[in-house]
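Input: one structure, supplied below.
Chains here go by letter, A, B, C, D and E, matching the order in which they are written, and residues are numbered from 1 within each.
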Amino acid sequence: MIICKVVGHVWATKKEESLEGSKLMVVEQTDTYGDQSSAETFVAADIVGAGIGERVLVVTGSTARKTFGRDDIPIDAAIVGIIDSLEIDRHK
Amino acid sequence: MIICKVVGHVWATKKEESLEGSKLMVVEQTDTYGDQSSAETFVAADIVGAGIGERVLVVTGSTARKTFGRDDIPIDAAIVGIIDSLEIDRHK
Amino acid sequence: MIICKVVGHVWATKKEESLEGSKLMVVEQTDTYGDQSSAETFVAADIVGAGIGERVLVVTGSTARKTFGRDDIPIDAAIVGIIDSLEIDRHK
Amino acid sequence: MIICKVVGHVWATKKEESLEGSKLMVVEQTDTYGDQSSAETFVAADIVGAGIGERVLVVTGSTARKTFGRDDIPIDAAIVGIIDSLEIDRHK
Amino acid sequence: MIICKVVGHVWATKKEESLEGSKLMVVEQTDTYGDQSSAETFVAADIVGAGIGERVLVVTGSTARKTFGRDDIPIDAAIVGIIDSLEIDRHK
């Protein structure tokens, strides 16, 4: 999973049928502390009710699709958790 | 999914048989706002009727293949939505 | 597999149900010698009892999910071994 | 799919048994116009009869393996089309 | 497949059970000619008897796992061939 910050929404009227009803959020990968946004940006389907500004856990690839319990859904990134806190210790 | 801009077409007469009839578009990954094209370029099969210059949602990997409902089709990138609008708020 | 150093923990109360009970660690990819941490950071589920500061082997993608013996678990990175030693010889 | 140029052959006598008979080509990813070779180089199995110097379409990951109709073949990149022409329009 | 040079061994006593008996090698991705090692380093399971200093073909992702004929083995990179020679012609 990667640590991302939710930064926006995307709207697409014309889309693959099975995407109907999916909540598509724009996310940006952050550094280890989850604070500073990097340039890596993509769109992830949200299943945990994340809001703009929240730090989230995102899975990518076939794992995102499996999360939806459907193997034919055109989703390759999904928000699967909202981060409460990160505890980092690089000096051990 | 990644945010891309459709920039062209590709023609290939000699190709794997099951690609016959696929509409292959050249796409470029864009930044968060979907406006500025980056150097990341690849070819995606279109299933939503996207045109040159449009901003689209692209899935990659096994998800692209599954979207076609066939597990043996040699497609690893697919345009699955045409973006109407993006709403970005980095300051929350 | 990539060589990583475990640098922290992540807590997420609100998460996809099947993640309940998973031990989620923050890991950083290291260089060949496993000593110097790079900027590549992500979150991996631990199944071998790794601790902060240890050098570990991490699998990513569908392989991480399969390791858990469940195809629908939203995990795309897993710690599958704790490194005892690395023997590097670049001059052969 | 990515746009590549075929730049060479690779020979390996000692290899996984199921690779026997595969034509393994060295390919380099090119820019949008398919002309300038970048540093990204890898080996792809050819199924369309591509020759040195030709611009080709390459699929990667599980899609390459599925293309061969065998799920256990150790191939993660395949040449699936020879490019006739590319039509690029960035100004729309 | 990517072209790599074998540069070392890795030992891990504490590891996922199904890894028992796997020969884990440290490999570095090389340039087109297979001579100059880059910074991209990872660990691959060897199934062809490769030795330190040899140039090899490495598959990654689900393909590595399938190569072992077991879908639950935590391996996402595998050495599947030892390179005898590379013939590169960029000027065609």
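In this section, a residue touches a chain if its C-beta (ideal position, glycine included) is under 8 Å from a C-beta of that chain, and two chains touch if they have at least 3 such contacts.
Note that the coordinates shown come from a computational prediction; the quantities given were computed from them, not determined experimentally.
A straight line joining the Cα centres of chain D and chain E is 19 Å long. A separation of 31 Å divides the Cα centre of chain B from that of chain C. Multi-chain contact residues of chain A (touching two or more other chains) are listed as 61-62, 64.
Shown here, the protein chains touch around one cycle, each chain meeting exactly two partners.
Going from chain C to chain E and on round the loop of contacts, you meet the chains as C, E, D, B, A.
By the touch criterion given at the top, residues 7-16, 19, 24, 26, 28, 37, 39, 41-44, 52-53, 61-62, 64-65, 71-77 of chain E touch chain C in their complex. The part of chain D that touches chain B in the complex is made up of residues 1-3, 31-32, 47-49, 57, 59-64, 66-67, 69, 78, 80-90, 92.
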